Amino acid sequence: MTSVIYDFTPLTQSIDQFLTKNLSQGWALTIELVIIGLVFLLFYAVIGLYLVLAERRVCAFMQNRLGPNRVGPGGFFQTIADLIKLLLKELIPIRRADKFLFNLAPFIVIIASFMAIAAIPFAKGLHAIDFNIGIFYVIAVSSLGVVGILIAGWSSNSKYSLIGAMRSGAQIVSYELSVGLSLLTIVIFAGSMQLSEVIQSQADGWWIWKGHIPAVVAFLVFMIASTAETNRGPFDLAEAESELTAGFHTEYSGIKFAFFFLAEYMNMFIVASFAATMFFGGWMPLHIGGWDTFNHIMDYIPPIIWYFGKTALMIYLIMWFKWTFPRLRIDQLLTLEWKYLLPINLVNIIIVAFISWKHWHF
Amino acid sequence: MEIITYITDIFKGLKSLWKGMMITGYYFVHPKEIVTQRYPENRKTLVMFERFKGEVTMPHDENNQHSCTGCGICETNCPNGSIEIITRKEVNESGKLERVIEKHIYHLSMCTFCELCIKTCPSNALAWGNEFEHAVFDRHKLTKVLNKPGSSLKKEPKEKKLEEVKN
Amino acid sequence: MTEEIKEILFTEHEEYMINMGPQHPSTHGVLRFEVFLKGEVVTRLVPHCGYIHRGIEKMCEKDTYPQIIHLTDRMDYFSAHMNNEAVCLCVENALQVEVPERVKYIRTILAELGRLASHQLWWCAFGMDLGALTTFFYGLRDREKILDIFEESFGSRLLHSFITPGGLMHDVHPNFQNRIKEFIKYFRKKLPEYDQLLTGNIIFQNRTKGIGQLSKEDAIAYGITGPSGRGSGFSCDIRKKYPYSAYPYVQFEEKLSEVGDTFSRYKLRIDEMWESMKIIEQLVDNIPEGDYTAKMKAVLRLPEGEYFQKVETARGELGVYIVSDGNKYPYRIKFRTPNFSNLFIMNKLASGGKIADLVAISGSLDLIIPDIDR
Amino acid sequence: MTEELFNILKSQFESVEIKEGKNYPEFYIPASELTTFCKFLKDDDRFSFDFLFNLTAVDWIEYFNLVYHLESTKNNKCIVVKSKVEGRDNVSIDTVSMLWPAAEFFEREVFDLFGINFNNHPDMRRLFLEENWNGHPLRKDYIDEINIIER
């Protein structure tokens, strides 16, 4: 077994003992929650902004151009400038729109992605919640976002956004299915739904290698379904620029639009991190068979670097999809899900169940 | 069999998607192919083509002389009236009354760069300038007077003008 | 009953109409589609044009023939050369002026370069309509090379009023030829990439195959010419039927496809790019020497009567109909523009399809709105 | 067009005059017989002019001249059919849009810019200008002080 050098559980336990020692139980808990809230808020803002910048640079290099390079060295402060601009922009009230729902929609979308971040294991012992039904919780929470999109589409009283919202409703509901089923194959391999357990089970090799063919199939299906889940890439029908101008967030302006924008990028980050956690062993360093010295060196790289490296790779893959493929039509999208992804998933699960029963996986 | 086509369909599709991704991937790893022109930064080194149509100008030689006789042919030939010639009568040295150009007004805002004025000018007084930064805050700045103040007509013997007809 | 509720009740029976209005990303210009929907399916479509009607035909009635050139540039601005060439050919045939060989060669090369540049930009916009945003930048990067050739010879990139009645405004730049050869060598490597990126893509094929079916009879009845018409088998290539300028000296193939759906129109334009390059290659090496314009009088007066000249632009057949009463201005000039007839088939093609198909079909018809409104 | 085709037309329609134009042969036909003449040109398989590529009007102050450019895609022939419409305001002529659908929008444009009405046209509305625009711009006597500056 690898000796885990970096372990954050004693750190979190010491903070907990310090707080309970000189504060009452109730107060200690609230302070802990406030700390976690602040950490995640900061994390959310930083990751969101720099994902937008990363996407613009990656897409620019793929299109033979430079991308943002004026604001700050290499365009470093570009998205911060964008955020400030969006904060200063006027929030245009929409006539005869449902005021309450119109303003509520962005927050639902943000809350959904916030709740999903809570379950991500950044390193051993470094995660907000570690439910024993981790994956189940994540799938349940990620389907909350569609409620926000539907409300946004309906309440902004514009025909384009209504069509956009209906499309994204149908899309996300049907792609929930194959996201869940493809994660299920790894749960069968790992034997538990708790995320830290899943990572622990990949200590002696990531599931994508150990689970050989069915794991690779599950990974491909998961990537396709999750790009559809986050309304990105070839499936961005909800805000199809060339058909519906900007889909469900046509009428939003200023910081409300920024919420939708950041939430979309956070969903991409969450989906990429779960692909890394389930298939590529989260923060588990890369170990190759017998090369002990190599494995030992790998252990010295802190797990957070491993985690963010794998997630960055997944994010690059998702961006690569978006900037290469044309958009699917709504009926092709649904036939892809129900006629292609679902059967593949079901067959895959049968094979995986059979393999794990006969222990043919490594 | 239906299943066979179903499966080969999937693999053919994935192969076509992968070929498309190879192109964007290729350009991602070849930054030397970037074509962006860094305009404000390369302003000093930026040189336009020799025949670039920036704006209509009236070339003046070193002692502030141009060759516009004020005949008004360019004004009649301009399709949308963006040239106005103002001339005045003046007695020249040989005692006769002669028409002299006073103001050659050129409305850059109306000009469509059709080059008819330059082509039909008998004395080749007009030429293209390479200046292309025409952004102004006030539209009136776009009406320019082409002949510089205090400039006069360049006198030269008749036969020299014929052979240097514009190519 | 409050005013609001009354209004909602009133609109109950109405069809669900959305306005793909004058300002919309996929109408390529100021054209408004009134689209009547039932859910995602388009039931009826009413095009409204006239937002960019400048009255070019009225303006031409006060311009002499060389002055018309700057107006025809601005009709179909992607085939500016071919529009000017149409008017010049009409005037030259009317005056029975024989244009020097050199001018014929250069005019045909410019027409083919203009066709290439226009098809490239069509390919970018069509890819972007379907959601593949990178195609826009690849197309424009290659088109930049053609615009450099134009800029070096006549100083402007898009509207160059360079072809005048009787010949050319002035001679082309000395390294006009090797710049073109350089471009042809460069573009022969890049065009296969267009196919690899978009044509082969399975998503693209599903989005375009079998959509916007246009039969040959409909194409003839509605007057759909150009690549859109040839996509359904209507052989209407003026360069082949009534050759003009240097087209008789050139061997090239008129591409036709019987299928008639959006994909066949797309494939046809890509093949036409290959054909244009073949034409340019045959012409660029043997441009004859000679002066660049015929001897023309200062004021051109067409003899009384009416004249018609057809030219094949990038989007179809452009007809110039001049009625002259012997004056230096045309008494009446009518431009039969290709986009005008290509637009009004939209209702027939788009009804029954989805919104996404509507965008694909209007992209495959390659409409230029100033050409419709004139 | 060969001589004998002229004679066939002459025999069918006495009131047609044939003139050899500069580009294409021209046929003058009174407005009343226009539709029957065009129907004959389109349906008869010796002519089969199935492609109307241009329809426009010319304002000759006392009368309007309606010009139809037809092409037969089968035997690659082009002809011009012309008919005269007397008078200035609320003049009208029969539509040919049931023969060639392309004519529908050419006719709407002629109505918009010349004011010539086409009877039983499916959708007789202005094409480019607003509904309430007064006057028809392409007429010779159209005055618009703001936009047209007499120099």
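Just so it is clear, A, B, C and D label the chains in written order, and each chain counts residues from 1 on its own.
Simple rule for what comes next: a contact is a pair of C-beta atoms (placed from the backbone, for glycine too) under 8 Å apart; a residue touches a chain by one contact, two chains touch by 3 or more.
The structure presented is a predicted model; accordingly, all values stated were derived computationally and were not measured.
Student: Using the touch definition from the top, what's the fewest steps needed to get from chain A to chain D?
Tutor: 2
Student: Name the chain whose C-alpha centroid is most distant from the C-alpha centroid of chain C.
Tutor: A
Student: Between A-B and A-C, which chain pair shares more contacting C-beta pairs?
Tutor: Between A-C and A-B, contacts are more numerous in A-C.
Student: Between chain A and chain B, tell me the centre distance in angstrom, where each centre is the average of that chain's C-alpha atoms.
Tutor: Each chain reduced to its C-alpha mean, chain A and chain B end up 52 Å apart.
Student: Determine the centre-to-centre distance between chain B and chain D, using the mean Cα coordinates as centres, and give it in whole Å.
Tutor: Whole-Å distance between the two chain centres: 42.
Student: Could you put a whole-Å number on the gap between the CA centroids of chain B and chain C?
Tutor: Centres of chain B and chain C (C-alpha means) sit 25 Å apart.
Student: Two or more other chains touching the same residue: where does that happen in chain B?
Tutor: Residues 17, 20, 23-24, 35 of chain B touch two or more partner chains.
Student: Which residues of chain A are in contact with two or more other chains?
Tutor: In chain A, the residues touching two or more other chains are 62-65, 323-325.
Student: Considering chain C alone, which of its residues make contact with at least two other chains?
Tutor: Only 134, 141, 197-198, 201, 203 qualify.
Student: Touching pairs of chains, which are they?
Tutor: So, checking each combination of chains, I get A-B, A-C, B-C, C-D as the touching pairs.
Student: Give the list of chain C residues in touch with chain A in this complex.
Tutor: Of all residues in chain C, those touching chain A are 4, 16, 18, 24-26, 40, 127-134, 136-138, 141, 197-198, 201, 203-204, 206-207, 354-359.
Student: Okay, in this complex, where on chain D does chain C touch?
Tutor: It is residues 21-24, 50-54, 56, 58-59, 67, 69, 73, 76, 80, 100-102, 104-105, 109, 113, 127-129, 137-138 of chain D that touch chain C.
Student: Please name which positions on chain A make contact with chain C in the complex.
Tutor: It comes out as residues 59, 62-65, 96, 159-160, 163, 167, 234, 236-237, 240-245, 323-332.
Student: Where on chain C is chain B touching in the complex?
Tutor: Interface residues on chain C, with respect to chain B: 63, 66-67, 69-71, 73-74, 134, 141, 144, 151-156, 159, 161, 164, 169-171, 173, 193, 196-198, 200-203, 298.
Student: Which chain C residues qualify as touching chain D in the complex?
Tutor: 49-50, 53, 55, 57-58, 94, 220-223, 225, 234-236, 241, 305-309, 317, 319, 321, 323, 331-332, 334, 336, 340-341, 344, 373
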